[in-house]
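In what follows, chain A forms one complex with chain B and a second complex with chain C.
Entry: the complex of A and B
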């Protein structure tokens, strides 16, 4: 187990190098000159521009820029934004908001996804099973920005139940609607996954054997059907928590939440290479850690899985 | 003496009346378009207390369906539409699942067919046994009983009944042993008798399985007087913990080192061990009736015998009646007192085992008796050799003689050895260890052994699917390992395999025509029309209609698929066919058909077979020579008759004994 963990952790190194290089190259390839953009409508002062370029290493070739970024990153210095703010401060401001949002979305999708999936799986063919299936299909097929605007209009504007946008330093109520929108697609997937798992497990031979032992229907369902069905659901949820953090860009933009997604979007618009690469690297690390946790969890849940 | 006991048993059974009485049972399945399919029609049979009754029939005959109806566990859309099922006088048809819950486990148990899929992979074995005890309130009863037993331990209350189910606990076992030793010494038991008594105690006193009265009993037998024996038993046998009981049950089912095993998961068990665990589960709550649904059909013959022997002993001891479902008439006749034969959902014959076997009335039963591999006494003689077609018989001999001049042995294996590297182990594992034999042209050589004996590895080396570590496999005197390019292609053309699993060896995306045509196309034989003609011939050869050409494997039965696999192997007119457990996955009747087909083909075309199997019964029907393998080594090599009549090695004798019904006398008219 220890060896396996070490190997997995060492694997992170090439992944980090690869991702940062790729993202750096993409930002570099963005059309437009970020320095010129800083002057806005004013005429560009070439001397000042050259000075800014030198300060941010923008005058050097791509690969040198990248290596300089890496060297600084190793000492936890991610550089400054064009506005002079340390990148690390920007990230420190944005991340807590997104973590809060992702966790709320996670709880929402886990609870409702599993509950509706169980209802649907155990009562296959009933009218509410059909309703649950249709709704989940709708949520999967309709893009998030449609669900987002629809929720905003109905719950926020028309019936005024929930705040329309979140703004700075949002609280629980402010984030409720965005979290639901963010978690809706995954919730629909979890409903379908749980339902499919339950209906395939219910036909397993060991379920019949359990019944033959004289166990009550309730305990057969809990111990043999549900316990086995939730293994893939739990692993899906584990991976989804990372996806939720990175995938909040659309929800955060719709609801004006100043989290990671919003910050990434803004920094791409402004061509803030350092900021984009730093955020992506951080998200990638979260992703890798979540994956590792899921794999470990898998081994705990399913005794057949052992790592060596 | 035995007869007396049997008569008493029969008398007792009559007096009690049937434990299970099924009358005119009818079961339907509903298809998607709401039509009813009749799975079982007017089936009647009964099981008396303590009796083994076997239901025999091919797959789809309704035998499992009837048994599942008794348990109230019909799959999917199945439901009882008529007749009655009575357990001890209580009507079971129309019971709600809740009421069935109360009967299952405690009154009726199940030992299912496939040990691989019948244990939940995520729970420990012990937990799954425990569930059975808990579901029937046995755990509570235990604790109450142990509390009661503790209270009684000191008091002078007479508890000498045999119904007393107080089990020995593992914590008290050493103290009990010591007390027994002292008592024996005091009673003046010494020398050999003393050692023997102690050895018996060691063996019998399994915590969680041995009851108080039995401990007292064995102490009395060892030479103590009754009062002293009961005094010891009462003091030290004061009830077991749940863990002890679970381990005891598993030990009863024949699982060694049960306390440790109970903490393991199903995937850490072999098939045989899992089946033992399932037997422990089925019998955990001491049901009156145990339904054993082909409990050993997924296991090796030697394991099969051990497990059935054990199940027999256990149910005899507990007085459990067993409804035994099987497709093997020989097995049924050997194990059960009474046989019920089912065919297409109906009971076509039933009666005492020997009666059914020796004087089968219904044509289907006659076919079953004739086909049962375990009962067939000799090598199949092909239609041609029986003299029905003298001309082609002559021709075959001429072909044979011509080839004999080339060399007598078509395949020769010399000191063949194959080693495998085991994960996390330094030393190599010898799967095949210095094996030599040869296959004579136009004959069949069978390699026999349990799973893991290395027989399939030999086959793979003969087929050049694996390279030998050392030694040689020769085809027509040339080293198979040296074949390359054109020579290899030629070799592949002449040596063809037929594998065990007809479901896996045909590509599901290929039509039957394409599957059979493929080898012809690869070897560039003929054009489109002539290939089509050849495929037609081949289908004719394996007695399949031309109409299957456009169908796909999933539309055919197992036996039909195996015929297709044989047709494909025959496509290139090979000299040698390597059959790796080619009939093991098939029903007896189908198995018989396939064996006859192989035999006829051999007679017609002078084919040589290398036949790999674990089933000696099949060997007797097909082989001329037998090679017995154990742990990778060749342990015996002789003609089939010699092996059957005068086996030299103990291992071969074990294999022979494992053939179900091998010793039964048949009177086929």
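Entry: the complex of A and C
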């Protein structure tokens, strides 16, 4: 187990190097000069522009810029944004709220997804199975920004049940609607995944064997069918938590949450290479860690899987 | 058994994390209400792109709060009329090359008096290229500016040689060329005085300028990506006294989120309307709407030396006029902009002093399909143009429907294939193509004034001195007759007389059409029902925050 973990962690190093280089190159390749853009439609004072370029190393060739970034990053200095803010501060402001939002969405989609999936899967063909199926189909096919705006208008503006926007230092209630919107599509997928897994596992031979041996229906369902059905669901959930963090841009924008998705979008627009790379690297680390946890959980769910 | 325990521990851990995360935030939640006890105006804002150094602010995120915190020598009322603010008097010599400026008794928020030196040192700091201030070019007409542009050989504290301190309350400004508009330029934010403490640590001042405020409000706090708060300045004795206790500029991720908050009463005012609401906001019972012609003009520029459209040739003039007359501006404003624009009749704006809607040649800006076709055919008789004339615009600014309509209108009148559009994904790329002079057809241009004077629209955009990358004359229009009129107006001390000369200059532009005016962007926005009085817009198309009151 320990060796396995060490190997997995060492694998992260080349992944980090590759990702940062790739993302840095992509930001560098973005058309448009961020320094010129600062002047808007005003004339560009070249002497001033040259100073700004020198400050942010923008006057140097790409590979030099990248190596300078890497060297500074090793000493945990991620540079400044064009607004003069340390990148690390920007990240420290954006991540907590997004982690909160993503975890809430995660719990929402995990609980409701699995519960409705189980109900649907065990009671196939009942009227509520049909209702759950239709609703999940609807959630998958309607884009998030539609659910977001609709939810905001109806629940927030019109009926005043939930806060319209999350605002500063959002709490549980403020983030409830955004989290539900964020998690709704994944929830729908989980419902369908759980339902499909359960209904295929019910027909497996080992279930018949277990029944034939006189096991109660309850323990057949819980210990055999459910446990086996949850492996793909856990895989999906593990990868989704990282996706929820990076992909919250739409719900963050609709509900005025200054989180990671919004920050990434803004920094790409402004051509802030250091910021984009730092965020993506962090997201990638989260993704790697989540994957590792999922792999560990396999062993818990399925005794046949062992790590040496 | 061991594994089960592990799984359980992991689940418990996750749950605890979630609960503690949410729990802690609930306690901090009360701050969201932000000053609801007093009558603070909650205003829509975006995160400033730079810090609060007046000479380094070039966008509204920082510009709106800065305008409220930093008073200048003169201020403008809602109708663009200038009056003295910190200045006791601003006196030009007869050909407007030297100004003598006397100051009133005025205080910074830390109690220090505002002295002549606070102006001269601040201006020199911004002008000095070593300090990399975005507003540097505003000082280029002051004598000694060129000496401060060689950043490699500067330390940053060199002074503009044209500024001379006479005594604590008086200084003189020598200009490198006559400029009768200088008395208005000094109303721009970059010309604000800075306290002595600024020069010790400009960076710290930018983050927290509470010592250097001279305007109707004093800086309180800036929580990045959250809000910028400022309270009423009790010592302020200027022209724009605050009618509320303060302003809380709330930073939003999008204008749609802000609009929803205005509907729900969580936000008081915003100076724009999201595209989705532009058709309905005037009838929305949950908000107070505002929608009137403003100071921003939207045009498109056809490069002056473009083949078949050259300025100064008969063919070019005919084609430019034909294109202009082929555009149905009224329909554009009503149908495409849903009434949030007003058809343009000149090159300045209805909010600009000296504006006239009946200048000779303004018929060139009116829809006249028959005349347009006639002029176009005449031009084709001189030299055949197979087209198309491409219209470039940046897609991220929402200009697509406008340029689709412009191209359609032209094609309907002048024949299929005359006009086509060329969308460019981002503003950056778009501006790059313009500054690098890579545009091969017409391109979107627009102007938001820095100070309310026709000079700011005409000289900055169409004078030869602003062409070839030296200013904002993106089409490189050069006309000696126009330049002579601009110089003459600049040397005319009397504002009324100067405005008359600027109008003559506009007549030349209306004939030659270096750029083709489309419409004035309306100053539009919404306020919440909680705002009881003072909701209007100023010459910058911004709400009159200081006049708003919730009582």
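Heads up, the rule we're going with is that the second predicted complex is superposed on the first by the 305 of 308 C-alpha atoms of A that agree within 3 Å, B and C clash if a C-alpha of one lies under 4 Å from a C-alpha of the other, contacts with A are read in each partner's own complex, and residues count from 1 in each chain.
Methods note: a residue touches a chain if its C-beta (ideal position, glycine included) is under 8 Å from a C-beta of that chain, and two chains touch if they have at least 3 such contacts.
Quantities reported herein were computed from a predicted structural model and do not represent experimental measurements.
Colleague: Putting chain B and chain C on the same copy of chain A, do they fit or clash?
Modeller: On the superposed model, which is not a single observed complex, chain B and chain C fit side by side.
Colleague: Quick one: the Cα-centre angle at chain A between chain B and chain C, nearest 10 degrees, please.
Modeller: If I round to tens, I get 160 degrees.
Colleague: Per the contact definition in the header, classify A:224: touching chain B only (first), chain C only (second), both, or neither.
Modeller: A:224: touches chain B, not chain C.
Colleague: What is the contact status of A:304 with respect to chain B (first) and chain C (second): first, second, both, or neither?
Modeller: first
Colleague: Check whether A:75 is in contact with chain B, with chain C, with both or with neither, and answer first, second, both or neither.
Modeller: neither
Colleague: Who does A:206 touch here: chain B (first), chain C (second), both, or neither?
Modeller: A:206 sits against chain B, while chain C stays out of touch.
Colleague: Does chain C touch more residues of chain A than chain B does, or is it the other way round?
Modeller: So, of the two partners, C touches more residues of chain A.
Colleague: How far apart, in whole Å, are the nearest Cα atoms of chain B and chain C in the superposition?
Modeller: 11 Å.
Colleague: Share the list of chain A residues that count as touching for chain B in one structure and for chain C in the other.
Modeller: Residues 303 of chain A touch both chain B and chain C.
Colleague: Which bits of chain A are touching chain B when the two form their complex?
Modeller: Residues 203-206, 208-217, 219, 223-224, 227-228, 231, 301-304, 308 of chain A touch chain B in their complex.
Colleague: Spell out the part of chain B that touches chain A in their complex, as residue ranges.
Modeller: 71, 73, 75, 97-98, 101-106, 108-110, 112, 114, 117-123, 131-132, 135-136, 265, 267, 278, 281-282, 284-285, 424
Colleague: In the complex formed with chain A, which residues of chain C make contact?
Modeller: 3-4, 6-7, 10, 14, 17-18, 21-22, 25-26, 28-29, 31-32, 34, 47-51, 58-59, 129-134, 136-137, 149-151, 203, 206, 223-227, 250-254, 256-258, 260-261, 263-264, 266, 286, 396, 425-429, 431-432, 435, 445-447, 466, 469-472
Colleague: Would you pull the chain A residues touching chain C in the complex into a rising list?
Modeller: Listed in rising order, the residues are 31-34, 36-45, 47-48, 50-52, 55, 82-85, 89-90, 93-94, 99-100, 103-104, 107, 149, 152-153, 156-157, 160, 164-165, 167-174, 252-258, 262, 269-271, 293, 297, 299-300, 303.
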